[in-house]
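Below are structures written as structure tokens.
Look for chain A in each of the two complexes below; its partner is chain B in the first and chain C in the second.
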Partner chain A sequence: MTLSRPTWVSLILAVIALAAVSAAVTYGQTALPWWDSVRSAVGIPTNSPADFIVGQLRAPRTYTATLVGALLAGSGALLQSVARNPLASPDLLGVTQGAAAAAVAAIWAFGTTSSLALAPAAVTGALLTSALIVGVGWSRGIQPLRLIVAGIGIGFVAASITTYLLTAIPERLVPQAYLWTIGSTNARVWDHVAIAAGAIAATVPVALWLERRLRVLEMGDDLAAGLGVRPVRLRLAAIALGALAAGLAAALTGPIGFVALVAPAIARRLVRTEGIVLVPSIIAGAALTATADLFAREIFAPTQVPIGLFTAAIGAPYLLYLLRRARGWNS
Partner chain B sequence: MHRLTLAALAAVALALIAIAASLAVGAQDIPVRDVWEAFFAYDASNPSHQIVRELRVDRTVIGIAAGAALAVAGALTQSLTRNPLADPGLLGLNAGAALAIVLGTVVGGVASLAPQIVLAFVGAAAAGLVAYGVGATGAGAAAPARLVLAGAAVTALLTAVTAAIVVAQPFALNQLRFWLAGSLTGRTGIPVGPLAVSVAIAIALGLLAVRPLSAIALGDHAAAALGTRAGLTRVHVLATVIVLAGLATALAGPIAFVGLAVPHLVRALVGPRIGWLLVLSIPLGAAVVLLGDVAGRIVARPGEISVGVTTALFGGILLAVLARRMWTVTP
Partner chain C sequence: MNDHHHSPEYRLEATDLSLAYGAARVVHDVSMPVPPASLTAIIGPNGCGKSTLLRALARLHTPLEGRVILDGTDIHRRPTKEVARELGLLPQAPIAPAGITVRDLVARGRTPYLGAFTPWTRADADAVERALKATGLTGLALRGVDSLSGGQRQRAWIALALAQDTEILLLDEPTTYLDIAHQYEVMDLLHTLAAQGRTVVTVLHDLAQAARYADHVVLMSAGLVLARGTPQEVLTEQRVSAAFGLPVTVVPDPVTGTPLVVPSRAPLAGLRAPEASPEASLDAHHRQERTP
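Now for the complex of A and B:
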């Protein structure tokens, strides 16, 4: 039996993701019997300390991080296909900052920092911001650089709203609210995992349905129209779904940067294609955040570092490398 | 009257109005007449006079110095890179200076201002050189989007590190969150006078680059033919920009977009004359920051919105509009 390249790339990435998740649930500051950790991580009671340490602390956190990485990567894959540019991602386009600004606004208005209560706000913020970016960046079709630079501008507007709200909210809420500027997987519970899993279950099938049509669209608008794809509608649908996924991700962990940029690029490079490869991208995103979260948790243990620091440390140099290498700027 | 003289007079008049507003408007409005008397007929028992002399003068001087510094730095950067989207804030200089100061304060325990300013220079220089090196050299050096994206990458990384540090230090967070928002009142007890004089000296050094920059505007070959030493000019201008951005950040925190917006305003008045561009950036930069600060005092009365927030609001929108104008789709 021969497997297609995307399939075996996906399988290898899945093995890496699984290894990272296993390491994250079994390794930690408290040494536990390996078998107890594994059983607790899948919800089997062991009547040992692992029930709490793994079952309530490590596992929900790791699973949330992994699923959020998958959401972000899916969002990035969709947006990069629509913009036909490897730089398009919800964080560069300002969608993530829009979600964070809306979440912090909700903290300011309702005085709660429970990320479950803030989820609707974050999703609304992401969708509104993406509508704004499309409004500014779209005139007679999409021009990638215009979309991206307009997105950076709108992202700055959203970030400045967040900054203002952070000076206006009560002092006791500040440390929690400040995490919305960087992204954190600290203290996630099973509710987060449930929402993340629901988000994946709701968005991935639609994304897969869109992916087939986006592949056609990548061959050119005229050809796609001839094959029965409506380019404008399809692009708007893909942007909306990408923004929704990024908003859901931001609602669960705050804005974890660069995953949406890097994961699809890793997937495309491994599959050796220029076009959208949704499944490998999603799995690459999961592997990336699972690993980054393990590092964030353990590298300076017992002090925890926000996961967004690690993804930025990987992603920003990659973006610089991409800029250094790219040709054809004067468009 | 000559058009350029008229423009200069208008800019200076606007700056004077902004200064008067900055002295008079606030949580406690003070009639302009009382402001006048506070300087020329000081009555120590009059609380209005005390407010003007003890609070608002420092604040206004900081606004003038930071605004002029940022605007001139922006004009210099745009002229040197021949990139209308260049801005010290967008390039990550302010974020670099902010991170260096946060690192020094939180990790190194640096409390006094002089070493903090040195740190600000180091941080601004490191961030600026990375963004400039990636975004404005080599093939495609003049592509506007590339420099913006390189700056966005550097800014994202530096902001993530800054956020990670301050989140881990709740006490420092409460002290720094106002300054990190970009504020003319975030720091108390700093020697405003010497800092303002330093800004003036740095601006004067920047003005010495008018002639070589005008030659560079004609292109590298023409500049060489005119006897301009491009390498020397680059070092001179970049060093001046770093000093100006570092001083502005030390005074008022990271304020973005003044350096982007003001040169565009000035060019609308005087056209592509670099000498006039730099000179008129001084009063208009001061006016924009002061008016942004005054607007922040009026809108959120009796509280305040930091000037960094108001400028980013307008500047982000400006960037989006510029992006829309620069990349038009050719059908």
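Now for the complex of A and C:
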């Protein structure tokens, strides 16, 4: 029995993700015994500095980043399938910006910058923005191109609102609020990991449930409808789920760009398909973000660089490489 | 026969059907029973509403007035998935996912039988193999759909619809964009399917194909059904001329004896460019000689 291509691509990506996560928890500014780091990373007390440095600093941050990457990639895979466009992603469609704007609005209204307290605002912002995009993009059903154009426009409006609010909130809150415009995995705690794991557990099964029908929908609305799929309903469900996942991701780390765009593209290229491949996409997102977070944390240590910079730095060249290599076999 | 009531001998039937896109009404008060175990061709000029009528028969277009009845029930009151097990549809321009193999494409025809997490069963695999065999694609099952010829690709799409295991099969212009050999290859397949007991309804552009292969022809024009019946009954000079706005002559097909529709006039010489090349003038001269 040979493994199917999506399966072995998923396995290879999972090995890469695991390697990146292992490196992120065992490697850092403070050299620690390897075995102590590993045990602390899985929650076994070692009565050594690793309990704090790994158990409270590195591990929750790395796990949060990895799970957020998975959420973003799942969101991107869903939205790209719905929009029939490889460039659709929550950051391009304005969903991420909507989540950030809502979070900054909550800072302005309630004066708190606790990322856990702001999570409901970010999720609500993402869902409201996606509803707005669907409303504006609607013309006798969901028109993919209208959806993208509406999303780009609404994304700019949301970004403007965020920028305005940053000038309107008390100055002492600005440094924390500013993080909502770039995303950060710094100072994540186990509560973040728990929420991220819960978000994955809640969204991924639903996404898998939609995936088979999304593949059929990719062959055209009429053909899908003839096979018992309801195109409009399915698109609305996939958009809502994609926005929810992107909103949860933004709530946990702020907007991390590029992952939702690139991870599904990497997965599709490796699987050699243009259709949705959810599991490989999600694992690619986890691998990409885990790697990017390690680089963001260590490359200019002790100065930290926003993770979004590194998701772009790793993701963009790889996408370009794949596009170059793929030239020819599509036509 | 009374069209206003469902006739039990027809599984699929349109009654007093009016269809519109927004405010524009494109099909007016059409009643059409679909004869079982036979090939029905819907023909008519561009924009006459034939594709819209086919979409309505497949439950893809909600009627403005009237109903489409499947097995005695309004098709719009039946669950989508249930309808998809009774009736298959091949639309005009389906999109083949890049890199997909013939077998994987055909396997997607099993969608109405699969839940989100339902495992692939022996029955599904058997249905796919039967569909491949019926369309002569068994040997090409592992080939990429991208690498097939136009006719083979169209057969793969038909195989997808066959894997759906429905007795009724609706197709929208399955021969368009194919060369003449591939067109007849597809028509032979549809004819065989009807002979084996499937109810096949297809929108066709080519009147010669409709005349040769269809058991029943539905002639539409401007959203109305002008005539329905056997090709001999429907494809008369008067009816075809009226439907298409072109004077035609109907002669017996030299091969099958079925009606063959040809335009009544030769090409217009008057539309020629004034400064035509010598060859072109010679050509025009010959044409004039032939014109009575």
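In the analysis below, the second predicted complex is superposed on the first by the 306 of 331 C-alpha atoms of A that agree within 3 Å, B and C clash if a C-alpha of one lies under 4 Å from a C-alpha of the other, contacts with A are read in each partner's own complex, and residues count from 1 in each chain.
Everything below uses one rule, namely that a residue touches a chain if its C-beta (ideal position, glycine included) is under 8 Å from a C-beta of that chain, and two chains touch if they have at least 3 such contacts.
Here the structure is a predicted model, which is why all the values come from computation and not from measurement.
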After lining up the shared chain so the two structures overlap, which partner does A:246 touch, if you call chain B first and chain C second: first, second, both or neither? neither
Which holds for A:216: it touches chain B only (first), chain C only (second), both, or neither? second
For A:305, using the defined touch cut-off, is the partner it touches chain B, chain C, both, or neither? Pick first, second, both or neither. first
Using the superposition on chain A described above, determine whether A:179 touches chain B (first), chain C (second), both, or neither. first
First, second, both or neither for A:154, with chain B first and chain C second: first
In the overlay, answer first, second, both or neither for which of chain B and chain C A:313 touches. first
Quick one: name whichever of chain B and chain C touches more residues of chain A. B
According to the stated criteria, A:275 is in contact with first (chain B), second (chain C), both, or neither; which is it? second
Quick check on the superposed pair: does A:123 touch chain B, chain C, both, or neither? Answer first, second, both or neither. neither
Which chain A residues lie in the overlap of the chain B contact set and the chain C contact set? 140, 330
Mind pulling up the chain C residues that touch chain A in the complex? 22, 55, 58-60, 80-85, 87-100, 108-109, 111-112, 114, 116-117, 161, 164, 170
What residues of chain A sit close enough to touch chain C in their complex? 140, 208-213, 215-216, 218-220, 222-223, 225-230, 272-275, 330
Write out the stretch or stretches of chain B touching chain A in their complex. 85, 90, 130, 134-135, 138-140, 142-146, 148-150, 152-154, 156-157, 159-161, 163-164, 166-168, 170, 173-174, 177-178, 180-182, 256-257, 300, 303, 305-306, 308-309, 312-313, 315-324, 326-329, 331
Residue set of chain A touching chain B in the complex reads 87, 91-92, 136-137, 139-141, 143, 145-146, 148-150, 152-161, 163-164, 166-168, 171, 174-175, 178-179, 181-182, 184, 257-258, 303, 305-306, 308-309, 312-313, 315-317, 319-320, 323-324, 326-331
